[in-house]
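Multiple structures follow.
Two complexes follow with chain A in common, the first pairing it with chain B and the second with chain C.
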Partner chain A sequence: MQQITAGTFVALSPEILAFVSSMLVLMVGIFNPRSVVLTAGLAALGSLVTFAATVVLLAIGFQGSFFGDGYVVDDFALYFKLIVVLSAFFTVLAAARWAGRTGDAPEYLALTLSVALGAMLLVSMRDLFGVFVSIELATIPSYALVAFDRRRRESPEGGMKYILTGMVASSILLYGTVLIYGVAGSANLTLVATTFAGTLSPVGLLGLVLLISGFAFKVSAVPFHYWTPDAYQGAPTSAAAFLSVAPKAATFAALLRILLQGMPEAVSTWAPVMAVLAIATMFVGNLFALRQRNVRRMLAYSSVAHSGYVLAAFAALQGAGTDVAVQAVLIYSAAYMVMNLGAFFMIDLVGEDGKSFNGLFVTRPSVALCMAVFMAALVGIPPFSGFFGKVWIIAAGVQSGSIAAYLAVAALVVNSVLSVPYYFGITRNVFFEEPLASTEEPKGTGAIKFSVYVLAVATTLFALFIGPLAGLAGISSGLL
Partner chain B sequence: MLQQFLDTLNATIPLEGYLVVGAIMFAIGAWGALIRRNAVVVFMCIELMLNAVNLSLVAFADYLPNAGGAGAGYAVLVIAVAAAEIAVGLAVVLAVYRTRKTVNVDDINLMKG
Partner chain C sequence: MITTMIVFSPLIGVLLMLLLRSADVRTVRYAALGAAAVPLLTVFYVYFVYGSSLDDPSLTQSFDWIVSLGIGYRVGLDGLGFGMFFLSALLTLIAVVASWDIRENVRPYFTVLFIAELGMLGVFAAQDLILFYAFFEITLIPMYLLVGIWGDENRRSAAIKFFIYTFLGSTVMLAGFLALGMLSGPDFSIEALGGGGTLSQTTQIVLAALILFGLLVKVPAVPLHSWLLDVYVSSPISTNVLLSGILPKLGTYGLIKIAVPLLPDGVEPFLPLVAALGVVNIIYGAFVAFMQPDLKALVAYSSIGTLGFILLGISSGNALGINGAVMQQVTHGLYSALLFILVGIIASHTGTRRIDELGGLAARMPYVGGLLALGALSAMGVPGLGIFVSEFMSIMGGYTAFPVQGVLAALGIVLGAMYLLYMLQRTIFGPVKPSTAEAIDAGPIEMAAIVPLALLLVVLGVFPSLLISVQEPTVELIIAMIGGSA
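Up next is the complex of A and B:
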């Protein structure tokens, strides 16, 4: 049994900081209920400090495994922690004013930080039960976040649909975990790998199927995506933005670790399953998004489609494509974070009806340009961020040398074309429609505008980051 | 004859027995969660599913040679997680009930498509 040393605390420092700041926000909020600036400032500061700690760990090349090999810190995990913490930071900025008006800002911000905490733990777990518990730590607060806005009737409804389906999915995931634990005699991925090396026993296969189904639910892959549009439409905008990025990226990371480290020999079993999931998810997401008039719901279906794109990289996790596929997941997660957070925050700046974007270029040109950037990035037009994510996935698929991965990549290309009408429908409204006659004050606060501008710049100049990111991803693909 | 019957009663129950009971409980819970319309009853069915998994878990933990009894610790974690889920779930159901005076999942359908 390993000793707990100072190194353990260094390894856990980002999580400890996130936990402390979430508790601090809650406590300070209780004693200063009116001071939104204080609580939101603390939450933002907490996520920045956590970010700094993660960057330091990455910079000094800290690596190791802790708690009897159940918890690993490697570049792969740290990279995803950066994505989670950054999106938590922007979410706190965007949520501050809205949360203040509900009167429950401390609770809202503390819940956001605990989702981030769960996601950060999740990417480091190398123990199946650890994965389950941290997924739940990320999911249970997110139920509360979705149902948070009691003034809108959609919000508790979305929350209830999310929680009912989410709990069924959790028990399916847990059943899969327990069956794999039973077959392997251990929940540690290294030991699971030896069991999955030979021919699979029926129980092991059932466990794998149940595990993948549970994960498919958490990343809203078809046919387990039904909760996504309702939950995101009901949720407060900042919560929808955060949930569509941070926990999802972390869940993909955990799935990647389980498949690559826990069952690398069973690749011929799970890679085709991933390809089928990917193709179905892309088509369903995009076809349903085409029909939406509500921007929030459209973005929810768009996030389903983007999950499909990432799953295409999972289908390519074999042969010569493995390293590139891991890189593709890493780069896509970063690219998706900047463009999707921004696109969701636009709803808080403009409105959730597609018509409210009419003539935005005339009335608020800078905001309109940001919207155009985010939409172009989500389609995958160069030089915006989404393009690079898709290029990496295509490269991985081509190198993988498997028919299923080729099909998934072909479906990705077809779907990118399919998604053009609904993304550019909004862009057309922004530039070519007459503005609605309205006396309303322009919505949004300085903090949201700041986040949107920063994210738009990051989306546009993603090519500049791609060098360091790819370098980082190159190291990261060597999972510890 | 009688002695043989008594011997059978005293023999240890094989691992498969627990697993089959667990699987049947899980299936009943899943079926209930799909067909029942009252949100609170759905929660009860989900609890049944989680407890079925827990039964398999402790059975594995007891029978596996290398597990070292760690499964029982995991089972406690699962119980804690289930309690937390139910707490949040009932709070959300209460919030829905306040605005609509119903917890029937078929009537709660503001959002579609």
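Up next is the complex of A and C:
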């Protein structure tokens, strides 16, 4: 057993900082319950410091495994920690106004940071039980976040549905973990890999299926996606935005690590399953999104569809496509973060009814432009961020040379087109419809606007960052 | 470096429009006019300085963009793209002049127009598949907005229809591009991919099918054209100039620049089909144009029809046909822009676009009537006008490769003459109708939009070598590439 040394604390510094910030926010909140500027500022500062610590670890090339090889810090993990903590930063800014009105801002912000903490731990776990514990650490506060809005009936309802399905998913995940542990005699991925070679035993196969199902719940893949629209519609906007981006990206990262480090030999078993999940998820997500008039619900189904796109990259994790497919997940997560956070935050700026976007181009041109950018990015039109995500996934699918991946990529192409009517339904309202009579600019939206503008610029100029980002993704993908 | 500067020079216009927040409409228009002149003047500069040596290193630029996938920022000019590069800059300027009648949201209008110009210039300068695709798509949203915000009452559905159809085509094409680049390296440099590399013929055929589909939707080749009429009829005139003058050529240019030279073995089995589609365009366009009561719809179908000659020329695979096709891209742009602007002028001065409500325009609007006759004669392929040269070359080239299609295309010229003369007879000649009785002739600004186009058609008819001499060296390279691997 390895000793806990100073290096362990360095390795855990981002998580420690995130934890300390969330506790500080709570404590400061006890004494200043009304000062949302203070608590939100503290939360934002905390996430920035955490971000800085993660960047430092990345810059000095910090690597290592801790706690008996159960916890690793590598570029792959750090990359996802950056995404999680950046999302937390923007979410805190966007949440401040709403949370301040509830009077429970410290709790809301601390919960958000706790979700981030769980997600950050998750991407470093190389032990199946560690994976389970950190998923729970990220999920349990998120139940509270979804149900936080007591004034809207949908919020507790969505929270309830989320808890019930989430519990079932956790049990399934745990059951799968235990079965794999039973077969392999260890929960460590390196040791699991030695067992999951050659022909799988029936119990091992069952464990794998249950594990994948549990993950499918967490990333809202079809047929385990039913909680998503209700939970996101009920959740406060900032919570829905955050949950659709940060914990999801971290869950994909954990799944990537488990499959590539724990079960690389069983690829012929799980890759086709991923392709089926991917195809079903994209189609269901997009077809249901087409019917939505409520922007929040539409974005919820859109996030289901985008999970399908990322799963298409999982189907390509074989042969020559492996490296490109891992990079695809990395790039897509970054691209999705900037465009989807922005798209969700727009709801707090404009409204959740599709009609509230009518004529925005005339009444509030800059906000209108941001919405157009996010919608175009979600469709995947160059030069916006989503385009590069799709490029990588298609490239990986082609490179992998597997029929299942080809089919998943073909479905991605079809679904890109299928998604145009609902994303551009909003764009159409923004540009082509007459403004509504009462389009009062909401007050106190400075912080949300700041987030939205920064995210819109990042979405638009993604092409300028893609070179370095791809370099980082290239290094990270080599580690798995 | 020069090429990059020209491609991104429309951003000057975008910036100006953002800065002139409180300026009056007049100032905004003149500022747009000035900004639109910048790319055009620099293209002229390139023509006179580098016209015979477009491969000059100061015109090309290449650096890594996404190293792991072999995608680079690679731009440069060659004979295939130069004519269209020039035409994009010219028609944007013309579109600015032709949009003098836009009164609402003038600043956003020009902003969007300049972004479209950036995309168009980029397509004809891109030397990398992904960069090509990116510029190809950058034109899409501006066009969607131009039609959807400033079009007529049917604009909303027309805009979204246009968007979905062409996006479907281009997404399929993107899959083809990515497969092509990933399977050969990965490398996405158009130059490096020339000749098809080591790809087997089966792979090439699959990739060619994907890419051809995307490009033919963009053209549009006839069974894939159903998005077109609504868009052409609903859009404002200045947008028509780009919609018919440049956008179809993104498709045909992609055929000549990418599909044919990069996948020679894969495209070969499709060439008879492309030639046949060209002929279908010519004949179908002529017949449907014949039956249109709306002058704008007639011009729209005429424009689809004459695109067929480009397809025929490309499919020929010989120097004559491809030279004709490359030149037809430019002459087609000139004549269709001319006719669309004339339709706009006639509609705004008489209050109608219906052919049966027009008549006697030659007497009431002599300049407009005369130029309409010139445009129509040009569309017929009358010698002495630019289109004659390019159509003739396309047909001769096409006939050498596919005699049946060649003969049918020549027959199409006769059909074209029929509907165009019939249209002229009913509009500029004949008795003066109530709607034309009070019509006044085009004003100076309107004339400024159409006269350059008419002049260029005449100049290219008399001196086609002005254009052909630029494009010929590159066409020969393409021929060598096809011949070398077929």
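Following the convention adopted for this analysis, the second predicted complex is superposed on the first by the 473 of 480 C-alpha atoms of A that agree within 3 Å, B and C clash if a C-alpha of one lies under 4 Å from a C-alpha of the other, contacts with A are read in each partner's own complex, and residues count from 1 in each chain.
As a convention for this text, a contact is a pair of C-beta atoms (placed from the backbone, for glycine too) under 8 Å apart; a residue touches a chain by one contact, two chains touch by 3 or more.
Quantities reported herein were computed from a predicted structural model and do not represent experimental measurements.
Asks: Scan A:Y181 for contacts with chain B and chain C and give back first, second, both or neither.
Replies: first
Asks: Looking at A:G386 after the superposition, I want to know if it touches chain B, chain C, both of them or none. Which is it: first, second, both, neither?
Replies: So A:G386 meets neither chain B nor chain C here.
Asks: Once the structures are superposed on A, label A:G29 by its partner contacts, choosing first (chain B), second (chain C), both or neither.
Replies: A:G29 contacts neither chain B nor chain C.
Asks: Now for A:V417: first (chain B), second (chain C), both, or neither, which partner does it touch?
Replies: A:V417 contacts chain C only, not chain B.
Asks: Taking the superposition on A as described, I'd like to know which of chain B and chain C A:A144 touches: first, second, both or neither.
Replies: Touch status of A:A144: first partner only.
Asks: Based on the superposed arrangement, let me know which partner A:A395 touches: chain B (first), chain C (second), both, or neither?
Replies: second
Asks: On chain A, which stretch or stretches are contacted by chain B in one complex as well as by chain C in the other?
Replies: Shared contact residues on chain A (touching chain B in one complex, chain C in the other): none at all.
Asks: Looking at the complex, which residues from chain C come into contact with chain A?
Replies: Chain C reaches chain A through residues 64-69, 105, 108, 130, 133-134, 137-138, 140-141, 144-145, 148-149, 155-156, 159-160, 163-164, 167-168, 171-172, 174-175, 178-179, 181-183, 186.
Asks: Which part of chain B faces chain A closely enough to touch in the complex?
Replies: Within the complex, chain B contacts chain A at residues 19, 26, 29-30, 33, 39, 42-43, 46, 49-50, 52-53, 56-57, 60, 64-67, 70-71, 74, 77-78, 81, 84-85, 88-89, 91-93, 95-96, 99-100, 105, 108-111, 113.
Asks: Spell out the part of chain A that touches chain C in their complex, as residue ranges.
Replies: Listed in rising order, the residues are 324, 327, 361-362, 365, 372, 376, 379-383, 387, 390-392, 394-395, 398-399, 409-410, 413, 416-417, 420-421, 424, 428, 431-432, 463, 466-467, 470-471, 473-474.
Asks: So in the complex, the part of chain A that touches chain B is made up of which residues?
Replies: It is residues 129, 132-133, 136, 140, 143-144, 147, 150, 153-154, 156-161, 163-164, 167-168, 170-171, 174-175, 178-179, 181-182, 185-187, 229-230, 233-234, 288, 291-292, 297 of chain A that touch chain B.
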